[in-house]
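Two complexes follow with subunit A in common, the first pairing it with subunit B and the second with subunit C.
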Partner chain A sequence: MSALNLIISALLLTAISGLPGLCFSRFSPWSQRIAVGFMSLGALAGLAGAGLALHHAPMTTAELPWPAIGQAMIGVDALSAFFLVPILLMGGLGSVYGLGYWSQQRHPGTGQKLRVFWGLLVAGMTLLTIGRHALSFLLGWEIMALSAFFLVTTEDQREESRRAGWIYLVATHVGTLTLFGLFVLWRWTTGSYILTPVASGTLSLGLMNGLFFLALFGFGLKSGLMPLHIWLPGAHACAPSHVSAMLSGVVLKTGVYGLVRFLSLFPDPPAAWGGLLLVLGAISGLLGVVYALAQHDLKRLLAYHSVENIGIIFMGLGVAMLGRSTHQPEWVVLGLAGCLLHVWNHSFFKALLFLCAGSVIHGARERRIDRLGGLAKVMPWTAALFLVGAVAICGLPPLNGFVSEFFVFLGLLRTALSNGAGMAAATLVPVLAVIGALALACFVKVYGAVFLGTPRLPPTTPVHESPVTMRGPMLALAACCVLIGLAPALVAPSLDRVIAIWWPGQTLTTPRLALLAPLNEISFLAITLVTLSAGLVWLLAPGRRRIPRVGTWDCGYAQPTSRMQYTASSFAQSLVGLFHWALRPHRVQPRLPEPFPATAAMHSHVDDAVLDRMILPAGQRMERLFGWFHRFQQGLVQHYVLYILITLLLMLSTLISFKDLLVRLFAR
Partner chain B sequence: MIHLLNAILVLVLMMNLFALGTSRIMTVIQTVAAQGALLSLIPLLAHGHLTLPVALATIAALALKGIAIPSMMAHALRDANIKREVEPLIGLLPSIILGALGTVFALLFASQLPLAGEHADSLLVPASFATMLTGFIFLTTRFKALSQVLGYLVLENGIFIFGMLLINVMPLMVEMGVLLDLFVGIFVICIIVNKINQSFSSMDTRQLVSLKE
Partner chain C sequence: MVDNIIHIALLLVFPPFLLGVINKTKAWFGGRVGAPLLQPYYDLAKLFQKEWVLSTTTTWIFRAGPVVTLACVLLAGLLIPLGRFAAPIGFAGDLILFAYLFGLARFFTTAAALDTGSAFEGMGAAREATFSCLSEPALFFALLVLAKLSGSLMLGDLLRGPLGGFAPTVIAPLVLIAIGLFIVLLAETCRIPVDDPNTHLELTMIHEVMVLDHSGPLLGVILYAAAIKLFVLGSVLLHVLAPVQLATAWLNWPLFLLELSGLAVAVGIVESIMARLQMRHVPYLLVSAVLFCGFSFILLVR
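Now for the complex of A and B:
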């Protein structure tokens, strides 16, 4: 069976996975079981297909039987297959996770809807990655965008869900509109909707720039690049956690896929593109992590970390583009390897973190970081798995985040060896380092506040560990993180294949990744680290020596409460103060004039830089400006019919030549 | 044959003006029903010879426009317990004048159109435009829900007359589809009229503004 057939069967299986469940009663567990069965089967078939395509380099294509547009090409090459892996893996694991997290018994009203759109989302993303024709790509893109909207608004009885859903819908439609523009321009310049590389020197620079900026805006909006990330925090925070994991881990990557695929079609890009991608990536990475530091909501915080990681991915892509413009194959290999591997890694560890957050919400019914605490004792599995994800996202060895960030570092440092434009790129090395450091601070804050310390929840709250259906998918994702971290040489051949097809018409032979990056040394270092820490844990294990339990020194205070711990906000306060210029936190705090003040409350929050400070005020100003227009919109049907009539008469009267009419009238 | 056709169309134009000048809704319903019935005879005349599809179209149009729809509306009228269109946006006499002006405009306009030879001396095009304009006048100046429905019916009659230009090439299926649409539309509207009456205790469509966001 060929790779393409396997992937098409995966597409069909996932697309229909939620439908049989609609025939069952809302309280029957079978609708969910059947959907999970279909999804797992589809995911397995698709992963097998993607694996085949990753190992056999030649691209297989077929024509989609769709008479409306003639020849809708679909095809699988290594690049499609590479992006298909996280899509299908997360599609299958997420639906299994849903068995525990969003079980049909506990959510009879929304479960069936959620699973229908879950399947469609995965199918849409599969279609867009195998689309080789603008229309099949757009079809997949729209199926994905709309099903994601219905998934974000799963709990549409909550106002914040509806608001997040609308913002997402507006953002995604603006993106789709841009893509329409992009593909129309593509058709106009190349004469066909089929996405194949153009020959060198056929496009003028102005046209190429036009195509590039349309692609950057459309795909950047989906991937949540910094000034375009407006929809992302709200949508991620309001969706059910496995949907957030899917959105953050996989849906954002379709934007990256679109851009990577589209850039592969241009023969000789200007160096400015690479530079712009690098700068945008650096801004996105830095501001993403700074905003994450200031968040109080667990899922919003993780959402801003997606912005950060997309920034790192774009930095890798920027290095690769610079390498193509300046004909430096080493930069291309290291940059693109960092970009692509970080796509995989981010989809593993971010999905893992969101699933852990879901587990926390499932167990403790609370997602405000400052209300949680001490969960490691009741939820040991979740705590351990969250730790794995946190270490990975901070880019620390021995896990996978380190490997991909290391590739980007190596690529950036390579540019420093050159003399010329590439030197400027090397100045971004410290920025990347700062991003890593801030991410580490942020996750120390989250882990310390949520899992360590003593519980802040009222002691009556029943907190419990998640069922095995939720822990299984989390374990699988953590295993992927560990595997890539320990043995990056396993993924190097696949990366080499993708890089080879990404640079069409190159004359220089691209060196293999294994020659440019010290993969074996990374493995060695990682295994040593794991062994050392395992030894340390064994030495300090509580079974080996008695740990005396005494109260902490409490300054002689007689009645300490759990509210006297360091909170997440207080931990982050100094860093938030450092980035005051970007965050501009609002703090509402009471004045306490007397020695014995009454009960008072203080709170602080940080508005989003783009949505809350630019777009919403601008929208309100527009609304005031167009206030006078409301007199034409009274809600009276009669008026509307009158408008139609006036338009009709005006259009008809353009048919009459009034001169002839007057002449004829008076001639009678 | 063309004289008979034109005579019918003149009658239709007069019915337009009569409907505009009446305030009793029952009378308007009857007028529009008579107009519809009259129009359903046109296919017979336009064709000249009787074929099965034409006969079917005629019978169906006659049954729906002449009998089924008016009786539904009369029923809705009885339920709603109103008799007259009080306080239209413009008075009855001005609406007749407006209708007459519309008819003149339609005649002038049609004389400007480059029509095919066989339609040049028939009144089909001007009558169609005039009837559509009458429908629009109904829709924009009357506020009772049932008058709105009547406006749509008159508008549809105008479109029907225009469709007669194409009677030789329009398949029976299209004709039947249009009739079915009309029937279902009116059927639904009559139910809605009843609901509006229950919810707002009035048939005045201006009350619906309160549903606006």
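Now for the complex of A and C:
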């Protein structure tokens, strides 16, 4: 069976996975079991197909009959297959996770709807990655965008969810509109809707720039690049956790896929594109993590971290584009390898973290970081798995995040060694280092506040570990993180194949990744690190003696309470202070003039700079401005007919000169 | 091979001696006799024989903190060349791993501090995480300058400079990054003026307050790891400060140890003649380290 057939069967299986369940009663567990069965089968078939396509480089295409446009091209090559892996993996794992997290018994009202759109979401993403025709791509894109809207508003009885859903819907349609413009312009310049590389020197620079900026805006909006991220935190925080994992881990990457695919169609891009991608990526990375630090909500914090990681992905892409413009194959290989591997890695560890957050919400019914604490004792599995995700997302060895950030770093450092325009890119090396250090501060804060220390929840709250259906998918994702971290050489051949097809019309042979990056050394040192730590634990083990346990010393204070712990907000306070120019934290602080003040409360929060400080105020101002037009809109039909008459007269006057008009009107 | 064995042996044995040298210098400045030079070894031996005591609040993270830290600094120690001798492990890009190993150590140290549920240790962890966000770019800028100077991405070549030493035209950038790296060294090893390694009970401490609840063998591991960190970062700085080489190969080992002890004396002098900065002024110092290294990069590419 060919790779394409397998992927098409996966597409069909996932698309219909939620439908049989609609025939069952709302209280029957079978609707969910059948959907999970279909999803798992589809995911397995699709993963097999993607694996085949990643191993056999030649692209397989097929023509599907489609009444509106004649023939719709679909095809699978290494790049499609590469992005299909996280889509289908998360599609399958997420539906299994849903068995415990969003079971039909506990959510009879929303479960069936959620699973229908979950299946459609996965199918839509599968279609867009294999679409080779602008229309099949857009069809997949819209199926994905709309089913994501219905998934975000799963709990549409909550006002917060409806608001997040609407902002998302507006944002995604602005993006789609841009893509319409992009494909129309593409058709106009190349004469076809089929997405194949254009020959070198056929497009003028102005047209190429037009196509590039449309693509950057449309795809950047979907992937949540910094000034375009407005819809992201709300939507990802309000959805059910496995949906958040899918949106944050996988759906954002379709934007990256779109841009990577589109950039592969141009033979010789100007160097400014790479520079722009690098700068945007750096801004997105830095501000994303700074905003994350200031959040009080576990899921909003994770959502802002997606903005940061998308920034790192764009930095990798920027290095690769710069390499293509300046004909430096090493930069292309390292930059694109960093970009693509970070796409995989982020989809593994971010999905893992969101699933762990779901597990916390499931077990403790609380998502405000400052209300949680000490969960590691009651939820040891979730705590350990969250730790894996946290270490990975900070880009620390020996896990997978380190490997992809390492490639990006290496690409940037290589630009430093060159003597040319690429030098300026090297100044982003310290920026990437700051992003890493800030991410570390942020995840120590979250991990410490949620899982360590003493519990802040009221002691009567029943907290429990998640069932095995939820732990299994988390464990699988953690295993992916560990595997790529310890043995990056396993993914190098796949990356090489994708890189080889990404640079059309190249004359220089691209070197293999394994020759440029010290993959074996990384493996060796990562394994050494693990064994060394394990050896030291063994060496230090206190033996069989029982370890005496006493209360935390706390400088001799006898009655510490959990409220005296350092909270997540206080942990982040000094960093938020350092970045107050970007964050502008909003503090409500009472004045305490008397020696015995009455009860008072203070709180602080950080608004989103773009959404809450620019777009919403601008919208309100616009609303006031257009209020002026209300005087023309009085509801009287006669008025409206009068307007029509005036308009027609005005339009007529453009057809014939005013003098002729007068003559015609009054000559009779 | 012999050099590698000496490298590992020095990495394991020599670091506590540096702490002894610093303390002796401070004692000398204070007009005291001071503890013997080998006192840190006695302290470690005593701590490793003690009994374990753990807080009821803590989990396995609390115990993992010191252990992972020690593993990280040991591994980082294998990546850097000591004096004129090549590092046991070296590959293109190992400078990134070097910096990120310290990151991993910081993750576990700060997480272990938060595990005690005490406000003091939380405060220390927050400060450590905050200040490292400023010292990290300084370190990377410095490594970037060295990479540019030597044309290599391998710590071994990058630190030892091009064959025949650095050209005289690059003295200015080297001086600037030496200042920047010295500030990073003081901050990362928790010395005055950033942190005070002697007092435990003040609200103004960073590192010492994070390890308040560690005792016995765990505290021993922490002190030992801190000494190794000083040794490792000190050897990095030495390459910039004193790139001298003797003709007789083996004589370079004693020369290196002498230079490192000299650096420890310098740290001791700084501790003796300066007061610790106010906590809110520490970021200014670290930002100036970033600026020193940044200007050095600009000097290089102008």
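By our rule, the second predicted complex is superposed on the first by the 613 of 668 C-alpha atoms of A that agree within 3 Å, B and C clash if a C-alpha of one lies under 4 Å from a C-alpha of the other, contacts with A are read in each partner's own complex, and residues count from 1 in each chain.
The definition used in the following text is that a contact is a pair of C-beta atoms (placed from the backbone, for glycine too) under 8 Å apart; a residue touches a chain by one contact, two chains touch by 3 or more.
As the structure is a prediction and not an experimental result, all values here were calculated from the model.
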item	value
Contacts of A:206 with subunit B and subunit C, given as first, second, both or neither	neither
First, second, both or neither for A:191, with subunit B first and subunit C second	neither
When both partners are placed on the shared chain, which of subunit B and subunit C touches more of subunit A	C
First, second, both or neither for A:642, with subunit B first and subunit C second	first
First, second, both or neither for A:430, with subunit B first and subunit C second	second
Contacts of A:462 with subunit B and subunit C, given as first, second, both or neither	neither
Subunit B versus subunit C as contact partner of A:655, first or second or both or neither	first
Partner chain(s) touched by A:549 [first = subunit B, second = subunit C, both, neither]	second
Common ground on subunit A, meaning residues reached by subunit C in one complex and by subunit B in the other	none
Sites on subunit B touched by subunit A in the complex	89, 108-109, 111-113, 133, 136, 139-143, 148, 205-206, 208-209, 211-212
Touching residues on subunit A, where the partner in the complex is subunit B	634-639, 641-642, 644-645, 652, 655-657, 660-661, 664
Subunit A-touching residues of subunit C, taken from the complex the two chains share	51-59, 61, 63-64, 67-68, 70-72, 74-75, 89, 91-94, 96-97, 99-101, 103-104, 106-107, 110-111, 113-123, 125-127, 129-130, 132-133, 136-141, 144, 147-148, 151, 153, 201, 212-213, 217-218, 221, 283, 290, 294, 297, 301
Footprint of subunit C on subunit A - complex, ascending	373-374, 376-377, 383, 387, 390-391, 394-397, 402, 405-406, 409-410, 413-414, 416-417, 423, 426-427, 429-434, 436-438, 440-441, 443-445, 447-449, 452-454, 517-518, 521-522, 525, 528-529, 532-533, 536-537, 540, 542, 545, 547-555, 560, 562, 564-566, 570-575, 578
